[in-house]
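So, here's a batch of structures to check.
Next come two complexes, and both contain subunit A; in the first it sits with subunit B, in the second with subunit C.
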Partner chain A sequence: MRSPDIGTAALRLFTYAAMAFLFFPIIITLIVSVNPREFILPPSGFTLDWFKAAWTSETFVRAMGVSLILGIVASLVANTLALLAVLAMVRYDFKGKALINLLIMSPLLIPTTIFSLALYVYFVQLGFGGGIPALVIGHAIHVLPFAARILTASMQNFDTSLEEAARNVGAGPVRTMLSITLPVMKTGLISSFVLCFVLSWNDFPISVFLAPPGWTPLPVELFTYIKFQYDAVGAALASSLILISGIAMVVIDRMAGLRRVLRG
Partner chain B sequence: MNDSTGKAIQVEGVCKRYGHVSAVNDVSFDVRHGEFVSLLGPSGCGKTTTLRMIAGFVMASDGHIRINGRDVTYLPPEKREVGFVFQNYALWPHMTVAENVAFGLKLRKRDKAFIRNKVEESLAVTGLSGFEGRLPRQLSGGQQQRVALARALALEPQLLLMDEPLSNLDRALRVAMRRELKKLQQRLNMTTLYVTHDQEEALSMSDRVVIMSGGEIVRVARPLEVYEDPQSEFVADFVGTTNFFDGIVSDIGEGVATVKVGETLTLRVGNRISAAPGSAVRVLLRPERVRILAERREGANMLAARVDFIEYYGPTLRYTVALPGGEALFVEAHDIHGSAQIGETVWLSIEPDHFRLIDRKGAPAS
Partner chain C sequence: MKARNAALLLAPAALALTIFVILPLMWVVRTSFNHTVDGAYMVSAFTFENYTRFLGSGWYLVNTLWFSIRVAILTTAISVLLGYPVALYIAGTRGVQRNVLMTMVLSPLLIGLVTLVYGWIVIFRGGGLLNSLMIALRVYDEPVRYMWDLKGVVILLVYIGMPYIVLSLLDSIERINPSFVEAARNVGASRWRAFWSITFPLTMPGLYAGLVIVFTLNFSAFAVPLMVGATDTQMIGLVIYREALLNNDLPFASSLSVIMIAANATILLGMSFLFGKLILNRLEAKR
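Take a look at the complex of A and B:
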């Protein structure tokens, strides 16, 4: 029989190895983006020149703005829809509930590239392929299942007698939603919003298919740049993306505990 | 605001069905102005459902509910103007104590000074002055319970509904709160409908008790009547402990019936239900109505019994005794000192008026 200590140690070692493997490219990217000697390792010092170049490039700043607005709008849309759907699904029993749930979750089941291509074809048929609405809708659908999962957990924990108490002292349904339900679910809502934003912020395939000219989100802009120019500005830009995602994750963790959020 | 009927709540033939399950079935009762009425019954008998229908949280499937004479059956809860105290308190966790109490007043657009005074007053009445700035999770269970009460009282409801408000508190606090609540109710002369499954609570606080079982009302009466004259086996068993004997009336005299129970036992029982000779009856006897004696004396009912078991409860002793025919009987005695021992034979003396008779309709008469 194997000693449990050895088993635990082996598991730990494996976990660290896997994490190192996953983090290695990120770490290399971060190092390259502050290394004065372009792409020559080991680093010879520390510089923020590449970052400066990235952050002063009009193209990149614009792309960052696009990503920011896209992330916020798509997250707002997805969370609003998810909230309403979850409200109905957690609180009421109705025919077709399982089917609706499956539909909401289905973007998780389809490879994003295929899903994006399908959306593109579909939007073209509808006559607005490659427009801003298509891009926003694509992102919103992509993040919808995540919003639905987090908000379902949040809603299941919600004690409906809090709403009854509000109705009892004279609040109508809308007032109750605004003054009681949403504030009490605040943690879940913010977590869900931030996670959706990060997913949208990092998305590449949907944007490639759906972004109209002049409305290129940052990951796509970065890809285009790296394709033609192999330099450390690209690395600095990639690092910026990573850092912003990282900050968002820290925010969620502080708000609600990352583990709780991801478990849904 | 008294209306001509003098009734604060009228529940008329109310039913609640969930699919095929009938949670509340054809329930009717009234609560008069200023009255304290309890809904008492075992778990799942439909007390909460009845109360929630009056508050408007669930819609009745059938029947009508009137508050102060007005039909509110289809009115949403926010239009009913009744106070409600929840079993789990349902305090809003993101609001301070003061904000919880003030919420309903703010909705009514009262001016700031009025709200501040009213909040202060409600918190003072419930003994919570100084807790204004705390969040609910920073309070003990008893304090949360008071906030829930203060929140309801701040709106000066004409009618207060409470769903087992004390059931989450420990026993000592529950007894203390029970008295406070009752005093407050009397001082404010507030009509109250109170749900509980605790018979002691119902008996000690209520003007009248509505006893429910399986979604139906089985008895509405004053606490004393409920206990002393249960009128049904269910009520007798649910409220306090009761001994039962099934027998046949063999003879009737002046207000006293002779009941034969089995082969060996004959009881002389006060006959308030005018049972006829030959009818099947059930005889109820409260354990504390039996006198336990060391030797035989004169009396209408003098039964020899063997002590099988003794439980010490502090203020009382409970004996489990066996009669010669094998019938087991609970007897409760206050006399701790001259107590009998297990295995001893004792004499039980029971006044005829201390029995209660129930007609056993449909039972075979032999």
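Take a look at the complex of A and C:
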């Protein structure tokens, strides 16, 4: 083997500098959120006061609740629709498969700005613009392609003889689904659910167009907050969002591999 | 029986996507021809006034459309310059190092935009980290305005775009058969030469895929200019947002969306033509 030369060393240095660029704002936010002296660096100690302030604020607790419910419902809806569609796509051959695939991936192909505006214009004219259904539908449709992608991969690895065995001993299609198909696909389903949840949990563009008053998800609330106020409570709130995303990343990476899931 | 099963399984998703993606998009096109009365409410009409209002205005063309194109080209180019070496390096790593690097590259994709923006504001604002450091080091005396300025918009768009470039490039680089590069080296090509004549041309498809994603993302961006932009960073996505939500002018916002999609498609078509030529020329030259 060749020993590492100057070229490789330069490449490594460049990569580490780029990583610092990518990670710096995340680290800084985490540090500011536990630093007792507001924004004064280096940190002089450790405090959870900012987190306490963020998590006892009525507005933020409400926004967290909204984001939580929204994420769970949108993810459930998206995964149910995606699971059924993927079953058909992987198991059956039919005409127009490519077209259906394009339709399923379409939310990913349209810029989010256009997608949000289109749904907003549509719902306003249907008479329930800025309502809770609009918000949930927007989030569910937005994450659906991601669910379809993970579940397709998971379904393709599926050994269909397991299902045949179940059918042979007399289980009906629903019973086979519940006791064989879903348990075998567990890892795929969990990582798909978590990914959809975290995408919804962090979404800003769709929520800003579709969220009704009084139903503001956390990222929009954080945006409004830092527009008018600039203090470490904002950092604690941002850190809360980061921590949830971090947990989700670990789960997805363990179960499905982050990279395979996020490919653009 | 089989066909019916497939249709039943597909129906919910296909229906939902048709009703909530395809129809709304068609609706936007229809709405773009409607008329707004006194900038307040919309009446059904068939007029081109929303298009002429934008395309007939030198101000909009220069400060919104052309401005967005320039910002998108600049930020995509910087993302590529930063992302290419990173992808090249990561492709050569293994094990724990690779996992750590991949996680760092992917984390901005899974952490929300507002959260990331918050971190950048801490670093870049008037009395923030960077300004304090630069003033302490006497690089300059007065705080420089990074945020709420074009600089902030560019920095953030590069920041968000870079991970996509790295991902698409990695896909391409990993598909290259290492024996090609090995062979070039064996016949005496320098590393640099082997890179330019083997690796680089073979990464063009990945680079192109990344460019398409990042250009479209940055050209249509509204959240970034909304959060860290200024009055002179009127990107087209931001104008759409403002016209729809603040001015309640849905026809105008809709026509802007149609113009944006058309402009984006035209530019991407031009880019694919350019890329096709580049790759073909390189292959021709090899013969």
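The criterion applied here is as follows: the second predicted complex is superposed on the first by the 238 of 264 C-alpha atoms of A that agree within 3 Å, B and C clash if a C-alpha of one lies under 4 Å from a C-alpha of the other, contacts with A are read in each partner's own complex, and residues count from 1 in each chain.
Here, contacts are C-beta pairs under 8 Å (C-beta built on N, C-alpha and C of every residue); 3 or more make two chains touch, one makes a residue touch a chain.
Small disclaimer: the values here were computed from a predicted structure and weren't measured.
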item: Clash or fit (per the criteria above) of subunit B with subunit C on subunit A; value: fit
item: First (subunit B), second (subunit C), both or neither touched by A:184; value: first
item: Touching partner for A:254 - first (subunit B), second (subunit C), both, neither; value: neither
item: Residue contacts with subunit A in the superposition, subunit B compared against subunit C; value: C
item: Which superposed partner A:120 touches (first subunit B, second subunit C, both, neither); value: second
item: Subunit B versus subunit C as contact partner of A:202, first or second or both or neither; value: second
item: First, second, both or neither for A:107, with subunit B first and subunit C second; value: second
item: Distance in angstrom between the closest Cα atoms of subunit C and subunit B, superposition on A; value: 10
item: Subunit A - residues contacting subunit C, complex; value: 5, 7-8, 11-12, 14-15, 18-19, 21-29, 32, 39, 41, 80-82, 84-85, 87-89, 91-92, 94, 100, 103-104, 106-107, 110-115, 117-122, 124-125, 137-138, 140-141, 144, 148, 198-199, 201-205, 208-209, 219-220, 222-223, 226, 230, 234-235, 238, 241-242, 245, 248-249, 253, 258-259, 262-264
item: Residue ranges of subunit A touching subunit B (in the complex, touch as defined); value: 159, 161-162, 164-172, 175, 179-180, 183-184, 186
item: Complex contact set, residues of subunit B against subunit A; value: 55-57, 76-78, 80-84, 86, 88, 90-94, 103-104, 107-108, 151-152, 155
item: Residue ranges of subunit C in contact with subunit A within the complex; value: 2-3, 5-7, 9-10, 12-14, 16-18, 20-25, 27-28, 31, 82-83, 85-86, 88-90, 92, 101-123, 125, 129, 159, 162-164, 167-168, 170-171, 191-192, 209-210, 213, 216-217, 219-223, 227, 237, 240-241, 244-245, 250, 253-254, 257, 260-261, 264
